[in-house]
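So that you can tell them apart, the chains are marked A, B, C and D in the order they are listed, and the count of residues begins at 1 in each.
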Amino acid sequence: MIRLSDDDVARRLARDIPDGAYVNLGIGMPNRVASFVPEGREVMYQTENGLLGVGPAPDAGMADPELIDASKKLVTTIPGSAFFDHPTSFGMMRGGHLDIAVLGAYQVAENGDLANWATLDDNYPPAVGGAMDLVVGVPRIYIIMRHVNRDGSPKLLEKCTYPLTGLGVVSRVYTDLAVLDVTADGFRLVELAPGNSFEDVQSVTGARIAA
Amino acid sequence: MIDKRVADLAAAVAPIHDGAAVMIGGFGSAGIPYGLIDALVAHGAGGLTIISNNAGAGEEGISALLREGRVAKVICSYPRTPGSIWFERRYEAKEVDLEIVPQGTLAERIRAAGSGLGGFFTPTAYGTRLAEGKETRMIDGRGYVFEQPLPADFALIRAEAADRWGNLRFHATARNFNPVMAMAARHTIVEARQVLDGPMEPEAVVTPGIFVKSVARYAVRP
Amino acid sequence: MIRLSDDDVARRLARDIPDGAYVNLGIGMPNRVASFVPEGREVMYQTENGLLGVGPAPDAGMADPELIDASKKLVTTIPGSAFFDHPTSFGMMRGGHLDIAVLGAYQVAENGDLANWATLDDNYPPAVGGAMDLVVGVPRIYIIMRHVNRDGSPKLLEKCTYPLTGLGVVSRVYTDLAVLDVTADGFRLVELAPGNSFEDVQSVTGARIAA
Amino acid sequence: MIDKRVADLAAAVAPIHDGAAVMIGGFGSAGIPYGLIDALVAHGAGGLTIISNNAGAGEEGISALLREGRVAKVICSYPRTPGSIWFERRYEAKEVDLEIVPQGTLAERIRAAGSGLGGFFTPTAYGTRLAEGKETRMIDGRGYVFEQPLPADFALIRAEAADRWGNLRFHATARNFNPVMAMAARHTIVEARQVLDGPMEPEAVVTPGIFVKSVARYAVRP
């Protein structure tokens, strides 16, 4: 199978971020999306730690150590930015004010259940952060992830086996093999990554995909 | 590009439909969006539910909406200020329904709606007439009343300054209910004394633009 | 009986406002208290409509029409003042952050019940404002009022007959005839207005006073 | 006269007793009151319950309290950042209890405590492991979890500037949990990068001084 690079998946997702959108990007792969949004679109990124209008990394020597994003990376403000406290930040999320959140996932189920905060390994202390607040409040939850785990096992499933982050919350999944919508009838194919067949993708997916 | 500025007050209130629930900021005479209310009177929408702290005084603001017969219901904490003649007339004639909510509970119900909460327990009004028929609960030996979120279709907001992203700041005690109502309506409309050419300083923003749909200039100060 | 003037009752109450106190003054008689607090005490007055540090009325020509108190009177700021929104203002009240609230009353019962927002006259539309939030949150509720109604009937009672504002909330009552504490055993005399006897005051009070 | 300024960080943390519940502001490395935490380590109080978003990283801040064995319990949303070695060590040795709370629920529980509410229903965590054993309710067809207020004995707060009345403002994303924690503790202690000679401008105040007990200067920026 021909797999898109992480950057190409981020680039594909970025095409679906419309001009004027308010967007929260999760840590890791989701964070790359910002750099691929097409020119001419003004997108306001929210970071849960109190900034709407997250700008790019600062130029050398211009860093402000108390101006960071949720992954603790140094960032900047842009024209139109605003600072606020945590209750306001999470009111934005839960209250349905953001348009899109882009998150990573361990597992996504065909009913839209999402598992992205804990595995079955109890040796680690659990850590949840803001993921559960985002998924209940933001109307469009886009997942960006590899289609399968490193051992080849599927991440798209009939039912999640890992602890859930939220129930029935995922709108769409962008992987290195396909874009899939979550519908009332389960996964539905939106598009295949170039060079792959529907059967190829179905064969590495743990739930039925409607074509 | 994000640009929430609209041509004028009339354009700003045009989407308000008959039967809408409309929050109106302000307390006393401070922070009332008089320009937007006048535009709403001219616009003509009726059967409105008005959510505000007061119910108007004199011939201006909410009083004008009541006088013109546009209001089906008022949800407020204090409808009876000296000069609330139009509210009293409509109320006595049973032309307008009234729901009285303690002021802090009103603010908190609006905040719950804007923040996506399903309701909360407050000690306010426990054991009083205003808690009748409501769920109550003893928590650590103290009585609490369950209160539900109060959302709205529209909010009319008065700001001191706004930028094209909809960021707002307020003036003195004109802040009051304006920031919390801006969060709680599906469509928040702002009159700003000043519409800035550039962006507002990020630390000075009180209401982030994400909560705002449109901004019109109205430079008059009461 | 010898009755104190309203100003003298306010002056008496003002003596009990300590230096550094955070105080909410209700509309009417309670509002007069501020002008009688002894020199040298720094008291921060809160007004529910979003100002801590309420200053005196503005000088002629200096009024700001959007700088008002809860009774809609024009006010000023003082050094240390802060503006805030309604959720914060009522969080201050309910959260127990203020020290004292001074309120008027229609009736006070010996168990501390307070009636000050509605009478039995149903012709008027009801109006409650912030009174119910204040009484549940502020640890010391001081009532300032005339001892009896205009018709001579008592306002201090075994049980309120008017709709309640709050249950068991009153700490102390200042009237034109006496200062009374509300205790677990009912009203207790703190002091008599000069020239009155205990019996005089008891005779116009609708509940037993412990001397 | 109101003057909340104290001589130094040591004087500010002196009232903290063994077994106290202590809120600590900050997210990542922004807005953490490092000066006050160092003073608390030197002060020696132990058996503490720490309420914060994170559980420290490296050898500084909350990590230092964990390293020195002063922490009995951590209530936080995200204890596992790269470098949270001292938290992990204490947790694996079962020397510290952990209560994980979703970040928005943590902020809202703290706000409920500071605002005198008895609890609230939130959709966050409904149907997940973090809602196990909690009361739930269907509201308009949607599942909600009941969450209780979370107060504290002390809060350690990092501000950009403070005046003698305890009014505070913050810098950039160092605001985060600091204002809400300042409301929720019985005794709120502030380190401010600048302690102003005069009053702060009333419109610029983010945390009104009523929520603050003491202010010490700590000019270091991380």
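The rule is simple: contacts are C-beta pairs under 8 Å (C-beta built on N, C-alpha and C of every residue); 3 or more make two chains touch, one makes a residue touch a chain.
No experiment lies behind these values; they were computed from the predicted model shown.
Enquirer: What is the touch distance from chain B to chain C, in steps?
Expert: The least step count works out to 1.
Enquirer: Given the two chain pairs A-B and A-D, which is bridged by the higher number of C-beta pairs in contact?
Expert: By the number of C-beta pairs in contact, the winner is A-D.
Enquirer: At what distance in angstrom does the C-alpha mean of chain C lie from that of chain A?
Expert: 54
Enquirer: Between chain B and chain D, what is the gap in Å from one C-alpha centre to the other?
Expert: A distance of 33 Å separates the two centres.
Enquirer: Hey, how far is the Cα centre of chain A from the one of chain B, in Å?
Expert: Computed value for the inter-centroid distance: 35 Å.
Enquirer: I'd like the Å distance between the centres of chain A and chain D, where a centre is the mean of that chain's Cα atoms.
Expert: Whole-Å distance between the two chain centres: 29.
Enquirer: For chain C, what residues touch not just one other chain but two or more?
Expert: In chain C, the residues touching two or more other chains are 51, 83-84, 87, 90, 93-94, 136-137.
Enquirer: List, in ascending order, every residue of chain B touching at least 2 other chains.
Expert: 108, 111, 115-117, 122-123, 171-172, 202-203
Enquirer: Every pair of chains that touch: which are they?
Expert: By the stated definition, chains touch in these pairs: A-B, A-D, B-C, B-D, C-D.
Enquirer: Given the complex with chain B, which residues does chain D contribute to the contact?
Expert: 108, 112, 115-123, 137, 139, 142, 144, 169, 171-172, 202-204
Enquirer: Show me the residue ranges of chain D that touch chain C in the complex, using the header's touch definition.
Expert: 1-2, 111, 113-117, 163-165, 167, 183, 198-200, 202-203, 205, 208-211
Enquirer: In their shared complex, at which residues does chain C touch chain D?
Expert: Residues in contact with chain D: 19-20, 22, 42, 44, 46, 51-53, 77, 79-84, 87-88, 90-98, 136-137.
Enquirer: Flag every residue of chain B that touches chain C in the complex, lowest number first.
Expert: 27-31, 77-81, 87-88, 91-92, 98, 100-105, 107-108, 111, 122-130, 143, 170-180, 206, 221-222
Enquirer: Could you list, by residue number, the parts of chain A that touch chain D in their complex?
Expert: Residues of chain A touching chain D: 47-51, 64-70, 72, 77, 83-87, 89-90, 93-94, 118, 123-133, 136-137, 163-167.
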